[in-house]
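You will see two complexes here that share chain A, one where it goes with chain B and one where it goes with chain C.
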Partner chain A sequence: MTMTRAAPGRLAVASVIARREAAAAVHGIGGYLALTVALVAATWILLVDVRALTIGGLLVLADPFGPSLTIALLVVALYLAVSAAVSTARDREIGTLEVLFWGPVDEISYVLGKVGGLLAAFIAALPLLFAVFVLLSLMTGFALTSKMLASLVLSIVPAAVTIGFGVLLAVGTSRVRTAVLLLVAVIAVLLGINFAYNLVLLVPVSDAASPVLPLRDTLAALDEIVRWLSPFSYLERVVDAVTRGAWRSAVLGLGAALGYAAAVIVLAALWLRRRGVQRSGE
Partner chain B sequence: MNMPKGFRIPTLILLAALCSGAATAAQADEQLVYRPLVTDGTEYRRVAYPKEAGTLLVLASSEVVFEAYRVPVSYWPITREYLADFTAGTAPVEGTVEIVDSAGSVTTIEPVPYLTWHADGVGAGPMKLISGEETQAFYDDYVAKARDAAEKIKEYQRIVAERQAAVEAWLKIAAERPPTLPKPPPELTIAEPEPYRAYASEPRISAVTALPEGRYTVQLRGADGDIVAGSERVLVSFAPRAEAVGYVLRPEDRWTRPLVTFAPDETVYTTGKTDLFLQPVPVAEYEANQFTRLFRPQSVEATDPSLTVWVPRPQDRELVAGAELALSAEGADLGALAQTPYRVSQLPGAARGYEIEEFTPLAGAALEPDFVAMRLTQDVEATEVALTTDGAPLPGSERQIRSVTPPSGALLFLPALLPLAIGVALRLRRRGRR
Partner chain C sequence: MIEVEGLSKRFGSRLAVDGLNLEASAGEIYGFLGPNGAGKTTTIRMLLGILEPDQGTVRICGETVRRGDRAGRMLIGAVSEIQYLYGDMSCGEYLGFFARLYGVAAAAARVSETLATVGLADRADDRAVALSKGLQQKLGLARALLHDPPVLILDEPVSGLDPHGIREVREVICRERDKGRLVFLSSHVLSEIERTADRIGIIRQGKLVYEGPVAGVAAEHGSLEEAFVAMTGERAEVAEAVT
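Moving on to the complex of A and B:
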């Protein structure tokens, strides 16, 4: 008699991949190092207010930890995007991807597993982030607000966007090095446009025929496009809206982030199907 | 034409830039431009609305003067604005201003005389719009008072000059050492008249109205009974989303560098090393997108529609007049502080310091206090303050005050090492298990 077992469902497969991914992130030292870097950057931002208070003796703040939290989350999100890209490219480079697809794994369950695993690692890092902010609050006397806690919780959705973005860029590459370089290049372009636009705005223009004007207007249009393309801008938008108590904007930002996350996951799965699971040169 | 792949995107950007540059050469075209006199609650300004500027914005329940002109409009690429040219001194377009509300009912705004009134002087204190039948009488009264004040100053200056001449004459006599020296001229006993600071513009006649919050259409009906072409424009009258009481905070050791707290959810942090002077200010919260465009309707800043801005409303200062600052700590009442006038006096000597002391007005003297505030001394351990009238707190006047002693910068970085410490500990533990 032949025993047959039903193939596990797509979500079950994705959760197995996610568990493996999350365990790798939690057991590796890289995540802890990234959290430390994120918190050093956050403290550095907080020091601006601390110094202003120490020098002036007086300071008025609605949410002292708002800017620090944004920076910390951006650094963690950047790390997650790189991790997602490295992990995805490595799966192909060492042949894991091919082995996985001999089993019940398909493109969408693989991408969902990758994103879900790193997102679980991000969620696991949130209590640690919060604990450090509690310590900073006790040391400085600056008040922690409920908006900060809400920002932490709601940052999960835009974090999924950045992880999905990393997977999307790496899913078609054959080597880890290529994936990382591609991600760095895309991020550099996204940040570079914003930086260049802000730089051009500083150029004094007194002549209506100045060549700076068309450049400025072009960069303004590109900057507007980048606002919708950059996964980091979604994170910034949601956290900033919650910090300001602009709940409508926060909900809209969350909706847009959810849509973008779904789009990058589907695109990554489609690209993976098109590209295939073989290693390069096979 | 075949183009290398890598050059396509830069070429597209360049083309877009050139197209954008071509837009700069746009010729001025004549159009009907509304130029209402609007207020932000503090001052009145004329704001030009070419059709490209979009919806006209006014503060709800504030008086607005509507005027429209037919003038050339051209694009100014530097500020990315369409600018109307009023330099030719064109007269306003003749016609009757009509306001159509969302229900479709039309209100005709009849022209009335109006003037702008600066009670505390130009650039000092809030501006007001005086309109209606009493405008001319108001202006005549202003002119009479201003002339009277000018006459008094002139008379005072004449007396001072006469006395000065008498003193100089006496000094000449005294220099010759006569056997009998006449008495010197007496000291001046009359006080210098207070300068008249107020200013009123000359009355003009235009359509003046105050609109409740809502969305309207403004249009101009010509003498022929038809709507003037291009005069139909959307008008939004917006009201504050919330009202509260803010404070101007002056530390005793930096009184010229005050901080403000307008939003009620803000916390005041202090190191507790100096006294604080709290000046209450009525404030209102507006949608930033609308408020920032009141005076700059073509601003290119992409403001988040949910962003709000708290602005002072000096015209409502009567709301906080006579109110007290109630102090409490962890719910325990610590008393109340009254609003007191203060004057800053320079200390003599090399230290070049100053002292903030209570101001006592002298009869007949023109001296005024530098500010009116409530002094929160550093020894008072209040953690909450609120402005009260008859014991009841004014809405939105509550603030938390936190006296803190932040540690040095290096110490603050210690908590950031916590994740690394946990990561290393977990790794060592796993290695130990193996």
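Moving on to the complex of A and C:
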């Protein structure tokens, strides 16, 4: 019998949870469906550009693959955020969360494990995305740049933000359905503000007393907040900066993403500690 | 091995555990009894370090247990009435996952050994969720034994099992007691407690109303059931437990 043995380190515990999480993501069909959707969307955007080039004879883009790469990465990151929310909420719903905490798992190792596992799944998807972009490059004649490769690699940091965000929203919920609805609602609000701001910018303003102006100012302020709150905006910002070769912006974006990722992980662990690990109603 | 002093826990206006004191030693089966809502599960959660007591202390093997104390949990193997399993894992994968989590050396060999201990050696490749309740209970026991803890905390381990299942789980529990482990056993099945426990603690409305040898209290009241009724005033509870 073991009378005294130290608990394994938090990172060791987190890596066991991460391996389980990554294996579940790799073996599930959902990830492949999301990847397919991401690649179809990316190809479609690229084909729109090709068509514009064919018709107009001229297309000015910092990187022809920039917009399609952004979309592909956003789709994969969105899927992983939903997966993180589902997996976290399911642990509480089916009771496995409490069983984990009977052992050497604590809040921070649990959250790190969840985020780390799904981030590993994201990293595993990157070579596949790259291979498809190589294929698209051969088909369209657009050159693949080193910036595009750098965007793929650096997207790992903002991807951690989106996954952590999914975990953060789910740790307080009791059911998978609630977690998914909450995540969808938050994303809808974030996208809705951005959409409304872009829409109001299209409204012509004839005089300084127009009621559109205060609305536009309010939405502009909200949109700026969303830019810092939305986990997806970090991914967009970093990829956009790298493909444009704006390295200072890219470094700032990466720093902000790193800080945000750390913040959501710590907040998720604190919220989980406050909420407890029991199933709902126990 | 387990020392509880002045343990209290309140949920809102309800005092779930009220100044509880108890002591259980190595190499014994300690039966922890009480009616529904008496505070058994709350006490167990505080022993496991997943619930913070409002007052009092829990010591296991001399170490004070605090919420989130990961080292303290290495001293305990826990099993609940329901086994919360992963739908996609076989029994071997399930135990392998927990063996890695506990940092068990030679995890694969230890998994085989524990499966054999609980009589599931031929079920390693079966999906855990597809097992009968009795076999799932044994799988839970195997998980609790993986890291070779000195203390086993079992919450209703034979609830819902058929007589064969009860006997098999009982054999495992008694064997582990004979190896020198402390088995802290919470159950409603009084006949099972009477048969297996060395000492018992009876809790009512969060307070310990009896602690001592099971044989003594059973002899004094005619049976453990009569003792339970006399101390808790819960005849309906006993009737439910007996059925």
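Basically, the second predicted complex is superposed on the first by the 270 of 282 C-alpha atoms of A that agree within 3 Å, B and C clash if a C-alpha of one lies under 4 Å from a C-alpha of the other, contacts with A are read in each partner's own complex, and residues count from 1 in each chain.
Operating definition for what follows: a contact is a pair of C-beta atoms (placed from the backbone, for glycine too) under 8 Å apart; a residue touches a chain by one contact, two chains touch by 3 or more.
Everything numeric here is computed off the predicted structure, so don't read it as measured data.
If you stack the two complexes on chain A, which partner ends up touching A:Tyr32: first (chain B), second (chain C), both, or neither?
In the superposition, A:Tyr32 contacts chain B only.
For A:Arg275 in the superposed arrangement: first (chain B), second (chain C), both or neither?
Touch status of A:Arg275: no partner.
In the superposed arrangement, which partner chain does A:Gly57 touch: chain B (first), chain C (second), both, or neither?
Only chain B; A:Gly57 stays clear of chain C.
Contacts for A:Ile94 in the overlay, against chain B (first) and chain C (second): which applies, first, second, both or neither?
Only chain C is touched by A:Ile94; chain B is not.
If you stack the two complexes on chain A, which partner ends up touching A:Pro104: first (chain B), second (chain C), both, or neither?
second
When the two structures are overlaid on chain A, which partner does A:Arg175 contact: first (chain B), second (chain C), both, or neither?
Neither partner.
Residues of chain A touched: more by chain B or chain C?
Touching more residues of chain A than the other partner does is B.
Do any residues of chain A touch both chain B and chain C, and if so, which are they?
Touching chain B in the first complex and chain C in the second, residues 27 of chain A appear in both lists.
Quick check on the complex: what are the chain A residues that touch chain C?
Within the complex, chain A touches chain C at residues 1-8, 10, 12-13, 16-17, 19-20, 24, 27, 94-96, 98-107, 273, 276-278, 282.
Taking the touch rule as given, give the residues of chain C at its contact with chain A in the complex, in rising order.
It is residues 41, 45, 48, 50-51, 61, 68, 70-71, 73-76, 78, 80, 82, 84-88, 97-98, 100-103, 143, 147-150, 179-181 of chain C that touch chain A.
Going by the contact rule set out above, which residues of chain A touch chain B in the complex?
Counting only chain A, the residues touching chain B are 27, 29, 31-33, 35-36, 39-40, 42-43, 46-47, 50-51, 53-54, 56-62, 64, 125, 128, 131-132, 135-136, 139-143, 205-211, 213-215, 217-218, 220-222, 224, 241, 244-249.
Can you tell me which positions in chain B touch chain A when the two form their complex?
13, 16-18, 20-21, 24, 76-78, 80, 249, 251, 253-254, 257, 259-261, 263, 265-271, 273-274, 276, 300, 302, 304-308, 400, 402-407, 409, 411-413, 415-420, 422-424, 426-427, 430
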